[in-house]
C-alpha cells in the first residue's frame, strides 16, 4: 500500500472519529440533531414535579411524543410537548403528570378525549388536571386523622363526661334514678286516679270523665313516654356510632379499614387507635361532630383524591403504589 | 527494595523520555510521514479488534445487567447502565488495554530489537535522537487516534447492548426504549470524560512501551522479556491511573 | 603544524581533519575492568588500527569515542572537545560502521542512506538523492538501492553500512571489525575502500579489527589492546617481528594439542 493511500485512510478514520463525536455530542446535549418532526403542544401545571425534558408523552398508554422542554411561565410551570406527526389529539383531552416508577420517572398521560371533538393544532394549550402525588396524599391523610381525632374526642366527652362534669349518660341516669320514687308514686297515683276516674268516682272523676279531657290526658302521658323512648334511642344511636367506628363500618370506618388501603394505611390506623384512646379519656363537645360537616366533606375529598391518585398509579411498574406508600412511610 | 528501585528507574526514564520528546515537538511537521504511519498502525489497524471487543463487552454488560436488574424490576434502566458504564469506564479501559496489547507490545518489540541490533546506537552516533524520530511520532499519533478509537468503541459498545436487549427474550427491550434510557441519564460530559481517560491511558501506554523498549539491554532474548514487561506495566498503569483519573475528573 | 585537509568524499568540500586523544581512559562494568588507563592519540588524517583478541575492550573503546558509553575515569577528546558532551556530535560528524552493520531494518537501503541527510536537512530531495547515489556507487551498490537489509548478504550489509557512513560526510570514520564475516576477496575490497578514503579525502580513520592482514596493509599506526590494557603502540612494520611474547602469540597462535584445553577434543 502506498503512502497516499495510507494517508487517506488515516485522514478518513480521523474524520470518522470527529463526526461520531459530534453526533454523540448533538444527541446527548439537546437532541436537536435530527430535524424536529410533529407539532408541539403546551401543558401548564402548578408543579411539574419530577417531569424532565425528554420524558415521554403517552396517550392511553401509547407513546405519542416527548417533553421537548420545561419552562416557567408566569405563575405556572409549562411543559412543551413534541407530539409525533399524525397523532390527533381531541381538544378536550386532559393531560396529567403520571408516575411511571418510583425513582423519578414521570410521563405525561393524555386521555383520549371525546370522539368528534375538534383536534388540537400546533402550539395549542392542553387541558390539564392536577393529580396529587403520593406525598400530597399522605399529608392529607395525616390531616384527616388529626381532625377525626378531635371530633371523636368531643363525642366521647359529651357522652361519658370528662370526670368533673357528668356526661349525657350520667345525667340521664341520675335523672331517672333520683326521681324513681317520685315517678313511681306519680305513676301509682296516676293509676289509681285514673282508675277512679274511669270508674267515674268523685266529682273529679265525673269532671274528668269528659272524653275530651280524657283524651288530652292520654295524649300527655304518651308524649311523656315518647320523650323517654327518644332519650333511650339517642343514647343507643350514639353507642352504635362509636361501635361502628370501632368495628370499621360506615364512612369513617370504611376509610380507615378499606382493604385497598390495607396495611399501608397503618399510620392512619394508629392515629385512630390514638383517637380511641383519647375518646376513652374524653375531650370536646358532641355538638362539634354533629354540626361540623366540613369534616365529612374533607374526608370525602381526600378519599376522592386518593382514588384518583391510585388510578393514575395504574401504569406503575412491578412495585405497587401501595408498596411505594409503605416505603415512603416506613 | 530492589523492585522499588527498578520501578523508580523505569518511571524516571519514562518521564525523561517524555521531556526529551517534548523538546522536539517542533520537528513534527517535518515528520509527517512517520506520524501518519504511526496513526495508521495505532488507530486504523487497531479498529477491528476494538470494534469486536467493544461490541461483545456491551452485549455481555446488557445481558448481565438485564439478568440482575430483573430482580427488582429496573430493566428499563439497562440502557442507562450500559451507556454510562461504557462511556465513563469500560470503553476507555478496554480500548487502552487493546492498545497496550496490540500496539504497545509491537512498539516495545520494535524499539527493543532496534536497541539490541544497535540501530538505536547508530541513530545516536548520527546525532538523530531516538526520542525525536522513534518516540515523538508515536506519542503524537496516539494522542490523535485514541479519542477516535474510544468514541467508535463507545458507540459500538452501546450498539452491542441494544442488540442484546432486543433479541434476548428474557430482556426484550426495544432499541428505542434502550437508547431513550441511555440518553436520559447521560450528558456529553460523561462521554467526554471517557475520551479524556482514553487519551491519558493511551499516551501513558505508548510512553511506557517506548521507554521499556529503548531501555532493553542484552541480546535478542531480552526483546521478549521487554515486551512482556511493557504489557504488564502498561496494564497495571492503566488500572491504577484509572482510579485516580476518574476521581480527578469527577 | 597545520592539520591535513579533510576533503569530503561525497561533496569534495574541504575542511580540517580531526584528531582524537584518549586520555587515561578507564571503564568498569561492575567489577569487570574493560579498559585500564588507556592513553593514545590519533593524528588528523591518519589510519589508526586498534587490534586485540576478542573481549579485550576494543569495541568498548570505540563506543567511548562516539559517546555511547561514559568513561569511569579519564576522557576522550575529539579536536579538544569531550566526546560525551552533547554538542560534540553536533559539531563534529563522526560515522561509526557497526560490526553488524546496524542498518535500519524497516528502511530500504536507499532510505537507510538518506536518513541522515534528511534529518539534518542537507538539502532538497534531489540533492540528497545525488549524495546517496554517489555513496552507493563508491561501494558498488547502485542495484541494491531499493532492497531491504534483510535481503542483503553479510558483505553487502557491511558495504551499505560504510556507504551510510560516507553519506554523513564524516570528519572521523570509525570501523568496528569491518572485515569480519567477509570472504577474503571482499575483505580486500573493504581494505581498499578504507585506504582510498584516507588517501583521497584525508578522513581520520580508526579501525578496530583483529584482521592482521588488514592492519598491516592499511594502518599508519597500530595499537594493541589486551585485557583492557594498551600493550603496543607503533607503526605496523614493527609488528613483523614482535618482541612481546603476548603479541607474538596473538599474531601467530600456536595450537598446543597437549594443552589441557583440548583434552575434550581428543576423547
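The first chain written gets the first letter, and so on, giving A, B and C; residue counts start at 1 in each chain.
One rule holds for everything that comes next: contacts are C-beta pairs under 8 Å (C-beta built on N, C-alpha and C of every residue); 3 or more make two chains touch, one makes a residue touch a chain.
Please read these numbers as outputs of a predicted model, since none were measured by experiment.
**Q** What is the identifier of the chain with the smallest separation between its Cα mean and the overall Cα mean?
**A** Centroid comparison flags B as closest.
**Q** Please work out which of A-B and B-C is bridged by more C-beta pairs in contact, and write that pair.
**A** Ranking A-B and B-C by C-beta contacts puts A-B first.
**Q** How big is the gap, in whole Å, between where the Cα atoms of chain A centre and where those of chain C centre?
**A** 103
**Q** From the mean C-alpha coordinate of chain A to that of chain B, what's the distance rounded to whole Å?
**A** 60
**Q** Indicate the whole-number Å distance between the mean C-alpha point of chain B and the mean C-alpha point of chain C.
**A** Result: the chain centres lie 44 Å from each other.
**Q** Could you list the positions in chain B whose residues touch two or more of the other chains?
**A** none
**Q** Across the complex, what residues on chain C touch chain B?
**A** 63, 66-68, 89-90, 93-96, 98, 100, 102-106, 115-116, 119-120, 168
**Q** Inside the complex, what are the residues of chain B that reach chain C?
**A** Going by the criterion above, the answer is residues 110, 113-114, 117-119, 121-122, 124-128, 133.
**Q** Could you please specify the touching residues of chain A with respect to chain B in the complex?
**A** 3, 6-7, 9-10, 13-14, 16-18, 20-21, 24-25, 27-29, 31, 52, 54, 56, 101, 103, 105, 317-319
**Q** Okay, in this complex, where on chain B does chain A touch?
**A** For chain B paired with chain A, touching residues are 33, 36-37, 39-40, 43-44, 47, 73-74, 76, 144-145, 147-149, 151-152, 154-155, 180, 183-184, 186-188, 190-191, 195.
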